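Below are two complexes that have subunit A in common, paired first with subunit B and then with subunit C.
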Partner chain A sequence: MTVPIDQHNEGVKKNVTFRVFRFNPQVDSKPYFDDYTIPVERGITVLRSLNYIKEHIDASVSFRAFCQAGICGSCGMRVNGRSQLACTTQVWDVLARSRDEGIIKVEPLRNLPLIKDLIVDMDPLVDKMKHYSNWIDSTMPEASMGKKEFLISEEEFLRYDKATDCILCASCVSECSILRANKEYVSPAVLLKSYRMNVDSRDSIHGQRLAELVKDHGVWDCTHCYRCQESCVKSIPIMDAIHGIREDAIESRGMKDTSGSKHAEAFMSDIEKKGKLVEATLPIRTNGVVWTLQNLLPMAVKMIMKRRTPPPPPLVKSAKGIKIFREMFREMTEHVKQDHKSHKK
Partner chain B sequence: MKRYAYYLSCINESMTKEVDRSIDLWQKDLGIELVKLHEGTCCGGSNLDYVSPKHFALVNARNIALAEKMGLDLIVSCNTCLMTIRSAKKKLDETPALKQEVNEILKKEGLEYRGTSEVRHLLWVLVDDVGLDTIRQKVKVPLKNYRIAPFYGCHILRPSTVLGHDNPLDPTSLDQLIEALGGQTIPYKHKNRCCGFHTLLVAEQESLNVAAEALQEAIQSKADFIVTPCPLCHTSLDGYQAKALKHAGVDTSIPVFHISEMIGLALGYSAKQLGIKRHIVS
Partner chain C sequence: MKPFDVVIVGGGGAGLYAAMEAMKTNPSLNIAVLSKVYPNRSHTSAAQGGANAALANKAKNDTVEMHIFDTIKGSDYLADQDAVDVLCSEAPKIIRELENMGTPWSRMDDNTIAQRPFGGATLPRCCYCSDKTGHTILQTLYEQCLKKGVIFFNEYFALNLSVNGSRSRGLIAMNMKSGKVEAFPARTVIFATGGYAKMYWNRSSNAAGNTGDGQAIAFRSGIPLKDMEFVQFHPTGLRKSGLLITEGARGEGGYLVNKDGERFMARYAKEKMELGPRDLVSRSIETEILEGRGFDSPAGTYIHLDLTHLGADLIKSRLPQIREMSMQFEGVDPIEEPIPIRPTAHYSMGGIDTDNFGRTVMQGVYAAGECGCVSVHGANRLGGNSLLDILVFGRIAGHTAAEEAQQFEPGTISEGELKEQLDEVRGGMHSSGNYERYGALREDLGKTLASNVGIYRESSLLQKGIQEISELKERFKKVRVFDTSDVFNTNLMQVLELKNMLDLAETVAAGAYARQESRGSHTRVDFPVRDDVNWHKHTLATLVNGKVVLGEKPVTMGRYELQERTY
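For the complex of A and B:
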């Protein structure tokens, strides 16, 4: 299917084949791809090309789009395997990196149910935002609302300034390694929103939200793969937000309430004691003896046979110069205590 | 002989001892000398940074300062140690007040973090400093009969603002190394994906699903083995392989090598010398 495109201006054009994912669950037994070849000049976006295809070649191609300016977050899709906004993605830029010359593959976002072609169902994401209370529940009494301003400091605003840039395009959701493994997982976009709400001093349900975030499928299940951050169309440091929730959880709830926080504590205490991680006892310290025996015993036997087991704690050699290292580590602990005191003031 | 400071990763001193053992065998063959930093401490393993950002800065400023004292770049052979130490370096270089606070404490040990030493992965040193031509010339046993799946792992690629050597969407350095050693890289979609290591003790099932996907693609592509520049990825893909594949209903296996072992094999060292027999999957 090849049709000329009217660009209203002169210039060099390249013939580009858009290989578009097609699937209508009401009709098709399985997904397939349709190829549409159109001439495209520099400056044209993937969304504009799709609009052209829909208007002039095949009206049945379905995708979601609205603002065409990278603001509304509607047109998230995978372009040559990468989750991004079709409206801010230049066709020629994609071609320059394309493995198959002249071909751009367009597919729906991953990790969300498919409705039709390039349209995914955002409801599971919205449901999770509801579950994790992704809104501000104001500390201001209702009677005062609308009568006076609710000011926050610039310093506080800067803590979540970046997070407010999120347009819920779900590119990060599509790229998430853990969500791919378990659809129950909270997902990066929801963690980002949760962080943004939890650091806002006007919010009154910080503790309640945090209690939900530390449960199963929550903040501790993130595996630090950084795919969310790398794919963010607004360059938001999403992992900083995820780590921010963890830091807050440790400060507010201590380091004993979840396997995630116990795991993190082990690093801190081992570094202080030996300067080295004591790996042999890490599973027990994270999950207890019973879990460790049930889950890791067969592997431990294999490891013993291969002489691969980490040494027991007494045999883990401390880093050279550990005495002075410890002193310095503890001096920093005093600094941190001081910081917390002045922060509370 | 070009000299570097070599960071000792916790895992390479306990579970994956074969990494440093194999590097020791061939480093001089390739004209490099890695001076081990026995004073170095655990980087925090991508956990200390949120438990206590200031301790994280101190510990890694010290790790880098030890290399700076010798006037050498700091070379790392674990992806997560690489990403972690480089993150700390970025933070220190961008935050003068933090750098000053940390340096006040480091004075106790006669150290100062200046920001003069680079923190680099061994793979980058091999490709950029030793050079692929030199490596090609040193090969005694080309890996020409092997189809190899390159598994880069996350923390040598992402976040790219901290790493920046390879394009995280289409990395090439490991592929280049494989080809220089005479091997054949296979197209492998999971090359820049995750191994699931960091949640193995916290969300085990999710981690095993992540690992199983990477293993299955390599098996279906008829790769002879997977190779990785990260001992943590190795632990997930080799140590947990049986468990991951069993859960996925796959009744086969695939060996996983460290880059240091793959290089050793091509340079003529035996599997026994390189410690390959220590792997769980043989």
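For the complex of A and C:
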């Protein structure tokens, strides 16, 4: 078994133009793009190309990077319009899908304040993590810690295992359709983290966290567009977390939340009728026609162009087993009503 | 600014545990954590394997004593035995504490924390969370710090200590978002800035920022560094990036193959073949490369880690991460072709000399984590012991600093001193006389270290290394910071990091040259055996009048006598 030395195609290089978003708040009144053309061999990532540009052509190109191994979450940016990690993205792969031949456009993440070039401010995300108590408030008092383990079943571990993969890279944040209209919206990553805490049996503030999540800008504002999940760099099923929180909210809080209740009603009538959500009409029913037109229409048009939009209502087929579902639903509403009564007492 | 009681430099596992513990020790204290990256981005997140603790969940007969012995033996008897006692006896407590605060440890069938075997350990005692142990520990600590309301100065770059004789007045740091140099007057400062193995540059598995900033700052302030010559190499780093391909690949049956198509491990470890101990496999690969049996490429010489014979099914089901990594970072699908690899600098055993409480020789200055050297790892760290080290000694340093803070007067840092710092830092921005590119210097530093102060060391090579490092330091004086802006000047940060690496590289090379023996990770071709008579001691590197001066410190012994280290 002799292997030729050039097996890894070291010789072959392609000229690639990186069209990089530039903005330095000290001197620029508005952003612009700079083109850098460099030869790139197979095996080179977008981050390594940017490093090369910074070292050899223009040292002022600014971006964050740290681990270079897809684990620290520093290097989130938009490559040809998609939010992803620069350090795990192969240039040749991007080229193969590039619309403009030989050109790769690199831009900062959206929905977070721009600092410089490809660097955005992460503080708003951290503030939201604080606001929604994205930590375990242990049922064990601090003084007793370190003495014995909680016993946790594999089944419970699996409930949050995937969610703890999140590296807070903010790719999902950048792609979120609601955040574009409303910067105060909780954010998919924070919903994911909140869910992870809520299903952990060691946590003691589940109710308090949930109460915050159902308020304005919280879990009911999500339009189920799935963009966060589609863009997650760790392939985390974020929507499971969002559904999980909603189900939990309805189950444990019923209809008593003023802001969320409209949405909850929409949600429940969807479930009852079709066995699944009619996403296209959800925003209208929750927020009213005017808000929807103002905030979501532009995005909806874009989504239709990209064929991303959920099918309009008549096309949504009733889920299989709808009878069983309706049965379950009736039970659930009974439950909620009971809950309601006992709360009023 | 109001003076702080405790300023912690570094938001990795060590820094965050220190912060938490300091707040717990005295909630009324004014505590701040500074970090050049958001704490959750720290390199602790890269640790996959796990952390050791004799919980005896998996092996019921495991004991703290066995953990202690394994650690001392692993260190090639250079660890201080009283420090190892602390490390291993605190281990079960600290792992449970993390569990109690929410770390999602993987579980055994009886619902207790899962443990697995790890190199150098007699029994399976490595606690893990899938392959993301460091990441989940760091998340937990960051979450708990947010909960406790720890004050974070994120994206602040520590520049220097402000020193008054034998006392520190506090820290000087640059706010990366504004480019301003700011004062952090403080009663106590804890350095927790992580390791320095990135000085081997693209022959290192470390994050770009593991440049030993804290060690360099302490060193420039006259605080001694201990055992700097000990740098651990991992056998299988990806050729282009240095990133790790874990032992799992060889565990599942991967072959190491040279350019003649030969499974060369047969020559070095006939029985264990690819599964020999880390240092042996690293040395074997290096020998193949040095003797011309590697593959040449613009990114350097390498050998093959061949998994193709394992078949697509096994690779997809058992080694999905490894496959993903080689596709993402090397563009190579291991199902179809071998992975190009070579040994990579992985962990720095040396660091700021501290006692068992995290104290340095300077009053009010402490260190913990990979940045410090207590020493619990001696000449060679065991896998799974460094996460433990950062937790245990991070906590101890936080506690000590909080308790002792009141003993020290907070210093004041003058505007003049800040101005001076700023001028110095921005000095490289002047166009006249500054033309060297940091990228080239950094690359050259990595190359000279890898070839002269690498896995195999030898007197004439080390001399060459020392010479080349000093030439690089000369060239560095002419380095140009091309980006002159204030806001988030990453060009400037990289230049400052390079300066730190250059200062530390000198201590690594000096220690390696002085130590005329082979011990743990330090292999001298010209002194191939361990020399307990002359070299059973720590080296201390101190900066005196701009020169590295080497001293020594005895090893604290205990219950275990010196023995030959065989596995």
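Basically, the second predicted complex is superposed on the first by the 246 of 345 C-alpha atoms of A that agree within 3 Å, B and C clash if a C-alpha of one lies under 4 Å from a C-alpha of the other, contacts with A are read in each partner's own complex, and residues count from 1 in each chain.
Definition applied: a residue touches a chain if its C-beta (ideal position, glycine included) is under 8 Å from a C-beta of that chain, and two chains touch if they have at least 3 such contacts.
As the structure is a prediction and not an experimental result, all values here were calculated from the model.
Colleague: Based on the superposed arrangement, let me know which partner A:247 touches: subunit B (first), subunit C (second), both, or neither?
Modeller: In the superposition, A:247 contacts subunit B only.
Colleague: Touching A:185, do we find subunit B (first), subunit C (second), both, or neither?
Modeller: first
Colleague: Have a look at where A:177 lands relative to subunit B and subunit C in the superposition and call it first, second, both or neither.
Modeller: Only subunit B is touched by A:177; subunit C is not.
Colleague: Scan A:30 for contacts with subunit B and subunit C and give back first, second, both or neither.
Modeller: neither
Colleague: Where on subunit A does subunit C make contact in their complex?
Modeller: So the residues of subunit A in touch with subunit C come to 1-3, 5, 7-8, 10, 24-27, 42-45, 48, 54-56, 58-60, 62-74, 87-90, 92, 115-116, 119, 122-123, 126, 129-130, 133-138, 140, 142, 144-154, 157, 160-161, 164-165, 167-168, 197, 200, 202-203.
Colleague: Spell out the residues on subunit C that touch subunit A in their complex, using ranges where they run on.
Modeller: Listed in rising order, the residues of subunit C that touch subunit A are 24, 37-38, 40-43, 45-46, 55, 93-94, 96-97, 99-102, 104-107, 109-113, 129-130, 132, 135-136, 139-140, 143-144, 146-147, 154, 177, 207-209, 240-241, 243, 257, 259-261, 295-298, 304, 325, 327-332, 337-338, 340, 437-440, 481-483, 485-491.
Colleague: Subunit B touches which residues of subunit A in the complex?
Modeller: Contact set of subunit A toward subunit B: 81-82, 97, 99, 177-178, 180-182, 185, 220-227, 229-230, 237, 239, 243-244, 246-247, 250, 255, 259-260, 263-265, 267-268, 270-271, 275-277, 279-280, 282-283, 286-287, 295, 298-299, 302-303, 306-311, 316-317, 319-321, 324-325, 327-329, 331-333, 335-336, 339.
Colleague: Help me check something: in the complex, which residues belonging to subunit B touch subunit A?
Modeller: 10-11, 13-15, 38-42, 44-55, 58-59, 62, 101, 105-106, 108-109, 154-155, 158-160, 168-170, 193-194, 196-199, 201-207, 209-210, 213, 239-240, 242-243, 277-280
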